[in-house]
Amino acid sequence: MKRRSIKQIVYNTMYLQDTLPGKAFNLLLIVSIVMSVFVVLAYSIPSVAAEYWYAVNYLEFFFTVLFTIEYLLRAWCSPSSKSYMFSTFGVIDLLSIAPTWITIIFPLFPSLALLRLFRVLRILRLVKLLQYLNDTHLMMQILLNSRRRIAVLSLWIMVLVVIFGTLMYVIEGQENGFTSIPISIYWAIVTLTTVGYGHITPQTVLGKAVASLIMLIGYSMIVVLAGVISQEFSDVKKKLQGMTCSSCGTSDHAHDAVYCKRCGARL
Amino acid sequence: MKRRSIKQIVYNTMYLQDTLPGKAFNLLLIVSIVMSVFVVLAYSIPSVAAEYWYAVNYLEFFFTVLFTIEYLLRAWCSPSSKSYMFSTFGVIDLLSIAPTWITIIFPLFPSLALLRLFRVLRILRLVKLLQYLNDTHLMMQILLNSRRRIAVLSLWIMVLVVIFGTLMYVIEGQENGFTSIPISIYWAIVTLTTVGYGHITPQTVLGKAVASLIMLIGYSMIVVLAGVISQEFSDVKKKLQGMTCSSCGTSDHAHDAVYCKRCGARL
Amino acid sequence: MKRRSIKQIVYNTMYLQDTLPGKAFNLLLIVSIVMSVFVVLAYSIPSVAAEYWYAVNYLEFFFTVLFTIEYLLRAWCSPSSKSYMFSTFGVIDLLSIAPTWITIIFPLFPSLALLRLFRVLRILRLVKLLQYLNDTHLMMQILLNSRRRIAVLSLWIMVLVVIFGTLMYVIEGQENGFTSIPISIYWAIVTLTTVGYGHITPQTVLGKAVASLIMLIGYSMIVVLAGVISQEFSDVKKKLQGMTCSSCGTSDHAHDAVYCKRCGARL
Amino acid sequence: MKRRSIKQIVYNTMYLQDTLPGKAFNLLLIVSIVMSVFVVLAYSIPSVAAEYWYAVNYLEFFFTVLFTIEYLLRAWCSPSSKSYMFSTFGVIDLLSIAPTWITIIFPLFPSLALLRLFRVLRILRLVKLLQYLNDTHLMMQILLNSRRRIAVLSLWIMVLVVIFGTLMYVIEGQENGFTSIPISIYWAIVTLTTVGYGHITPQTVLGKAVASLIMLIGYSMIVVLAGVISQEFSDVKKKLQGMTCSSCGTSDHAHDAVYCKRCGARL
């Protein structure tokens, strides 16, 4: 019985943020996550990693132990250990501590490239921060309800950059840097999204004319699509929030309305 | 009679997507299109084309045969062969298979440049994908209804880049890369659309001041025009979705109107 | 009396676009303007100007004669010659034909740089096209009504780029290309507007951090300001279009409403 | 008694802009601020500072004396000198005159770098201009009410650039310019915000694919977020502008509501 209540207290502290210890724990966890991410960043800078080799490794080890304890406690105190371990955040928690343990247990890690890949998995700790954002709800719902529209837009953009990329490949050719269609498509994406690295630029007159067209399409699309999508979202939001008055049929009441704003009837 | 029913079945499978065979056929077609586009892309990469010469050519031949069969079947089963063959998608279907057949029939193609141009026509297969997007309807209608406004905006942008391009040509001159007015206009487009390749940059103080002005105009125009156009579209959408009064036929009422705004009759 | 009616006919043809000759004249004028602009552009390309010297000059002379006749006719047929000659379009008409006449009358023009500046004045013919855009009305009114807001925004952006430019000048210094505060401000404008030429880039760690901040501010401002300004314009448009119902006080009727949409009373 | 009325007059002139002397004083102050900022800018250009050494220094001294008098007068005439001196604008006023006085009093300033940092503090005079913008009110309130949403968005963008930066560091590696994770994150910010300097560009095929994805996400986010945020602001504005029910005190009614949505009473 006592053990169960301890489990309950740990659960409340870790998962609920209403109580004072819960708030303290979660604040500490956020600070730890941010600091451990900075350690991973520092580790990747050759000069810092060389000079502060011990400090960086000790900090990394310290945070790994900390997050391992957190992982074990979460698995132990949650009503179903299995459902936590196979949840998105459970997997991320595991992936972000595993690399350090594996490099400690197998110090003679075979491939250096794989080791590097492995190490950066620790950056996933950052994703743990996202669980504290609990008001992305409406925004997410709007985006989910518009996912078909967004997919259609993406397909249009894809077709646009493939056609324009191919066109530029034919016009400019290999001698001006457009060495293959995929490279030309990459260039078209760089231009349409108005990023414009400038590592490849059209040299022929016709190529410059087509490039101008791509730029103007990319630029106008921001302006025009922002307007269209704003109208789209306005519909989706109304649908998500809408209640219909049974007496007069008005449907776009505010989401917290109790009485119909037109006829005064109770909703 | 029997032949006609086969024709009917083929037509239903190819054009309608309600039945199971129709769905299966169209899914297969989409996969074939995407794969054949990847083959065209691979073909254009010198190293890939050299190493996998046979594989790429065989795959290209295979997809050409496939799309030729599709083309012939579509022409045969559609109620009017002629109307299909001269429709947009009919022409695209033909253009995307013709290049391969012509290079097979005339292996000693005279011009290499023309051959390259010819080959990339096969990328048009991608456009066939667009026929599956049947819900771009409202968005298209909004854009069509606003096409006059979009044309006016385009003309304004044109006048802006021509004036600013000419100004920069006078200020910077040929020694700083602004070798002619068209080149300066091209630079003005690159700057106004915020692409910014950086292949030509102003060197004089006055040139930098004018360039700053162009950038700020380009930047502000996104912000301001997105707002204006959003309001425009809101009107267009209301008109498109609007109720029609049964007594006087007025159709563009506000979406929450109860009485006809023209004759006062209840909607 | 007869002369007056000829004047009337010429006036109607030139200024009104309802009649068939009026439409024909204005279409011809638009084509002439576009073609004459292309001649000016061609003139500025050294290779084209060298090869087609006579063609370009003859065309330029031809269009100058044409627009001179147009100018004289407009001055003669308009009710008040003076008010036309001192109107915006009258001055532009004169400025766009003057350069050619002056270079013909004074072939030994002293300064070559001044001549070049002078010649490009002919590009102003393009501005004459804008007189055909008569539905920029509502958009212009919205912009005029929001001009104070746009001025405030511009001032904010100015303060932002001056402060950030100065900061980068202190952080990066002359050795990394930030040679003076005005150059740094120019760089801040290039970065904030997301143009990003890449001709100067921060080299120090702190400089890169501040540059990241400027980019994120510039990027977020597009998103956030487009939303704020869209709401602003919505208010302005309502005010411009609004009528208030005298019986129930509802004020946001559509601009062509005759009856109140809420209570059905005549507006 | 007389001295008090002088204090009153000075106060009215400096702080209120209703009277003619008040308007004249404030206009003069604005002009002085703008001119003194130009002097600071000119001072930082090596060639100008060398050639016009005396003019620039005399002007700087003149403006410093002017703003010192303004500072002393403001402190003297305001009801509470202390509250002015410790207000934001009071501190800025002091910081923008202190550097010149200190360099005059201590001509043998030890560090040249510190001196440069010190001198640019004078640019803060520009911030004094912002006190004249008194209609950023509603815009500011909308932004303040949406600050939580903006913070969430910022966090999402942070997570995005850290994850993508790390990914590119693993894919491209040190040999292609992605020398550490922080550098890669900086590159991801440059790309996501569509600035695109082009000082580092991906060289591998996979790197280009991921870069394309970042660009498309950055581009789409402008379009999609502008729409979402526009809807958000529409809610916030309605709440800010909303009517208050006299019977129950609910304040966020829709702008066209006739009855209170909570208690049903007529508004």
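As written, the chains take the letters A, B, C and D, and residue 1 is the first residue of each chain.
Here, a residue touches a chain if its C-beta (ideal position, glycine included) is under 8 Å from a C-beta of that chain, and two chains touch if they have at least 3 such contacts.
Worth saying up front: this structure is predicted, and the values here are computed from it rather than measured.
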item: Identity of the chain that, by mean CA position, is farthest from chain A; value: C
item: Fitting chain A to chain D on CA atoms, where both chains share a sequence, rotation angle to nearest 5 degrees; value: 90
item: Interface with more contacting C-beta pairs, comparing B-D to B-C; value: B-C
item: Same vs different contact residues, chain A with chain B, by half of numbers used; value: different
item: Centre-of-Cα separation between chain C and chain B, whole angstrom; value: 28
item: Distance from chain D to chain B - Cα centre to Cα centre, in angstrom; value: 41
item: Residue numbers of chain B (touch at least two other chains); value: 182, 194-198, 218, 222, 226, 230-231, 234, 256, 258
item: Of chain A, residues touching chain D in the complex; value: 37, 40-41, 44-46, 116-117, 120, 123, 126-127, 129-130, 133, 135-136, 139, 142-143, 150, 153-154, 157, 182, 186, 189-190, 192-199, 218, 221-222, 225-226, 229-234, 237, 253-254, 256-264, 266
item: Chain D residues touching chain A - in the complex, by the definition given at the top; value: 148-149, 152, 155-156, 159, 162-163, 166-167, 169-170, 174, 179-182, 185, 191, 194-198, 201, 205, 208, 211-212, 215-216, 218-220, 222-224, 226-228, 230-231, 234, 252-254, 256-264, 266
item: Chain C contact footprint on chain A (complex, rising order); value: 194-198, 226, 230, 262
